[in-house]
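Have a look at these structures, which come just after this line.
What follows is subunit A paired twice: with subunit B in the first complex and subunit C in the second.
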Partner chain A sequence: MTALLSVKDLTISFPVGRVNLFTGHRRAIHAVQDVSFDIASGETLALVGESGCGKTTAGRAIAGLYKAPKGAISFRGQDILDLPRASRRTVRRAIQMIFQDPFSSLDPRMTVSEILSDPLKVNGIGNAQEIRERVQDLIGQVGLPADTLNRHPHEFSGGQRQRIAIARALAPEPQIVVADEPLSALDVSVQSQVLNLLGALKRQRGLSYLFISHDLAAVHHIADRVAVMYLGRLVEIAGRDALFAAPRHPYTQGLLAAVPRIGHRRRRRSLIEGDLPGPLAIPSGCGFHPRCPLAKDICRRERPELKSHAGDRAHLAACHFAGEAL
Partner chain B sequence: MVDGVSYTIARGRTLGVVGESGCGKSMTALALLGLVPKPAHVTGRIVVSGQNLSGIAAGKWPEIRGKRIAMVFQEPMTALNPGMCVGDQIGEVLHLHESLGWKEARERAVEELRLVGIPSPAERAKSYPHQLSGGMRQRVVIAMALACRPDVLIADEPTTALDVTIQAQILELMQRLQDEIGMAVQFISHNLAVVSEIADEVIVMYAGQVVERASAEELFSKPLHPYTQGLIATMPMIDNRQEQLAVIPGVVPHLDGNHKGCRFAGRCHKADSECRALVPALITVEPAHEVACHKARP
Partner chain C sequence: MFFLRRLLGMAIVLLAMSFVVYGLIGLMPGDPIDLMVMSNPGITAADADRLRALYSLDEPLVTRYGHWLIAALQGDFGFSRVYAQPVLDIIGPALWQTTKLVALTLVISSILATALGILSALRPGGKIDTLVSFISFAGISLPSFWLALILILTFAVWLGWLPASGMGRPGEEGFLGNARFLILPVTTLVIANIGGVTRYARSALIETLRMDFIRTARAKGAREPRVVLRHGVPNALSSVITVIGMNFGTLFSGALITETMFAQRGLGKTIYDAILGNDYNLALVALLFATFATLIGNLLADLACAWLDPRISVI
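On to the complex of A and B.
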């Protein structure tokens, strides 16, 4: 499969604190550092990790919500960070986003019909009649009745709002949808409905997803491949089954062991001790070494490269001891 | 909002309470602490270690809360006072309930922080909540709740705001403390997997009523109520991946006073005219397994 979206050495920094009087520089937090991955057409890549690991920042950068990140993001081989203004919009149409909280991502003063027609008008798709038809079609595709269109977001439950947000993302006919924790604000019984809807839309439209989540059970359900982030860097990336069956990075192993599962009573579940370090105090060498049960001297000195270790060429891990059992 | 809920928890045991938002899980817990907001009123009995707490004077509640029954909340940042160092917050509990002097209370607070696994507790006691991570804050809230060795600990979604590796640490901590202190725990969560791992017994609530009760093992291996079955089937399982997840159609109904029949009937695929007309009672269908469903009878 050729890559639809290709991310190479993506680095996103935010300046913090004051300008240093002597150097004229400000300190920076590297929220995302040297992250590279591909997404094929029709593929779902999940980006997982704990809060603060940079997964949302990476997703937002891909959706074009930050100015000038470092590195390269290319769509169908064309670098989209370096486009002239005029052609930016046509490429941007192809990458849309669904946000975590459907209570804050929909404008409360707009009707659903306005919410869904806005992205069409902005992109100059269709005349008034065509837009009306398109909007009616969209609302049906996400499983809501047509009379939804004249109502306002506050009249809907969380699950219905998330369906509206999905319809809005689909309006300009994107090829990639960045879904940032689309389930975490929803009740358990509604989560499965939204997961099923995302699955169905993918099959019908051949969509690709960048599915950002901390919920590993949902990721296992929806993803084809999984990338694990820790302190702004990718630490492991592999096909779903390989990653869940034989995780190579100790962080991934600890993350999977911590996932609660039905029928596993009173087992040992915390393999990872301590907390995530602050973003201004990133440890030397391998960022995970202070919490890692396998850490040796080399881990404190040298940062391990993300590379394949044995057999599976598509399974990459950034650990000096990748493959050793925890 | 909550209607006819009965349960018991033995010392040293954990009762899991599950259900969707709005099913009455948290309101039931607040009733145990005398904190149900007005104009709602509470009827029924609450008995802790043989003492009946129902109908006691409002002025008596502060002696119960924090001492006999304590609570851990979902969001540790809002449960803690941002303007007070954590050692003093724990010390205050001991000062009020155990009449310790402030100096002694602060010393005990450091011991309590050590008990919940906070490294260098003497220094951490001087920290303010914003200087601690989410996991550390939740440890402080747990230390505060357990400072007076309560008979009952109510934990309302205690790990929902935490990352999964921190959640695992907090669950292990709660189990260790329960083994050491022996309190009864009422563990409220919408996360069935967490409840299946930590609870001995589970009640499932729907629209303010208990619809099923069983041991955790029995409930998750042989759920009898269609709502419980639905909740379990909607969860994606790493151990058993399904292409399509089950769904429970509709939403929890808003109930007015004159609702007839089973409250789940509107969303239930087994519902018939009997369900819409008659309220099912919670009855024992198997030893230690109760269910409120007309269709689940043997």
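On to the complex of A and C.
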């Protein structure tokens, strides 16, 4: 399986605070550091982690929303970040994004029809007639009636708006859709509808998703593979079943143990204690050691590499003890 | 419906304002008869009382207001005491003069301020932003009498390009010839006005550009100018329009200093002179026109906002 999208050593930093008077530089926080993963054609990779772990930042970088991330983002073997601006735009058409909050991600002044046709217009796809047909088609595909088109976003519920946002993302016929927590702003009763819609569209169109979420149940439902982020770094990546059945990194184990289950008493106390350290004070060695139940001296000194341990070659974890039985 | 409700509301505000203004003017110390007595020592106390009775000035304030209101509703706004002419004949030309000043000022300052606001919002804290901020605050801070003097000194005295003051004589120099008289007062008003609107446009656009749908526009591949001009500016504009609408009313009655400096017989100057001269009828009607202008300004701003933002319904 060749990768449709390949992310290599992606690092995104933001300057914070004041300019240092002596050096002229500002401090930087690394929201995402050395993140690498592949997404195959038709595959769904879920990116999970706590708030602030950098998963949204990584997704936005892939959708081209930051000017100069470090590292490489290759689409069909071509590094997007190296391309001249003009051709970068044509590649970017193939990567579209669905945002978390459908109440703010749609321009309130536009009708649904304008929202859906604008991506086609700015990318120079089709003439007026074709655009109209495509828009009609799209709104039907996301399960909304055709009379939706002449109305404005504020006339719809959250679930309907997220459907509009999905139709908008699909308008330029992307191959990869970055879905940034597409369910978390919706009512629970609507979440499964939107999740099923995403699944159906994927099957019909052979889409790949980068599905950013902290909802492990939804991830289990839709993902083929799962990548776990902690403090801007990948700590584990594996096939869905392998990850849910046998998580290797203690952070992943903690996340899974924290999922409430109906009919089970909580087996044990939460594995993860304490709060997420601030991004300005990332701990030495393994970033997770202050909260890790297994932390030893080596964890404070050396950062563990993300590599496969025993058996499954596609199951990578960044922990000194991931190879040991737990 | 919305429109009718607004018109009804405006009528009520005007009615209330007329009562308040009538009351305030009536409570001022002295009345027109006192002024007559001062300027003509031949008038005896008995004459004064007779005159007061003639003008109903001896009746209670509320009764006088009632008389005035009934006449006003029939279209009779009375005579100006100072000019000895029907009030509307005085106010008409003043209103027209002020309308010219205010309309030009608003159009020019709105366009300039929006453009400057956009420029500085693109890079908050950048060089252009710093420069525009400096200009804005300079405009806000400069007292308009000083600015007016400097402009007169520069363009009328030293360079001799423009008339120092006055309004021109109708029909004598033609429309363009008279328009030359407007340039300096309009410039003064624009400079005084532009700062506030620029600051509003800037902050509204900065706020809008942080919103999610802007990110959506970028994600779908729209170029930056399109993102700013199609998605950013129209969404930021409604708060700017509200401010401009309020300026409309303020300028109508509040351009007093500029009107005085440039000898423009506008509404502000008329109100000021009328109040000083105890010219009840003139002051009252002129103030009501100023109120009316404020209300119209707000109404226009609301209509423009409704037109810009589909979430605001007019019907």
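Note that the second predicted complex is superposed on the first by the 319 of 326 C-alpha atoms of A that agree within 3 Å, B and C clash if a C-alpha of one lies under 4 Å from a C-alpha of the other, contacts with A are read in each partner's own complex, and residues count from 1 in each chain.
Rule of thumb we're sticking to: a contact is a pair of C-beta atoms (placed from the backbone, for glycine too) under 8 Å apart; a residue touches a chain by one contact, two chains touch by 3 or more.
This is a predicted model, so every value here is computed, not measured.
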item	value
Touching partner for A:Ala63 - first (subunit B), second (subunit C), both, neither	second
Most subunit A residues touched (candidates subunit B, subunit C)	B
First, second, both or neither for A:Asp312, with subunit B first and subunit C second	neither
Touching partner for A:His221 - first (subunit B), second (subunit C), both, neither	first
Which superposed partner A:Glu302 touches (first subunit B, second subunit C, both, neither)	neither
Partner chain in contact with A:Asp9 - subunit B first, subunit C second, else both or neither	neither
Overlap of the subunit B and subunit C footprints on subunit A, listed as residue numbers	none
Contacting residues of subunit B [partner subunit A, same complex]	20-21, 133, 135-136, 163-169, 171-172, 175, 190-194, 196-198, 216-217, 220-221, 230-232, 234-239, 241-248, 251
Touching residues on subunit A, where the partner in the complex is subunit C	60, 63-65, 89, 92-93, 96-97, 99-101, 104-109, 111, 118-119, 122-123, 152, 154, 165, 168-169, 171-172
Touching residues on subunit C, where the partner in the complex is subunit A	211-213, 215-223, 226, 231, 234-235, 308-311
Subunit A residues touching subunit B - in the complex, by the definition given at the top	50-51, 157, 159, 187-189, 191-193, 195-196, 199, 214, 216-218, 220-222, 244, 254-255, 257-270, 272-273, 275-276
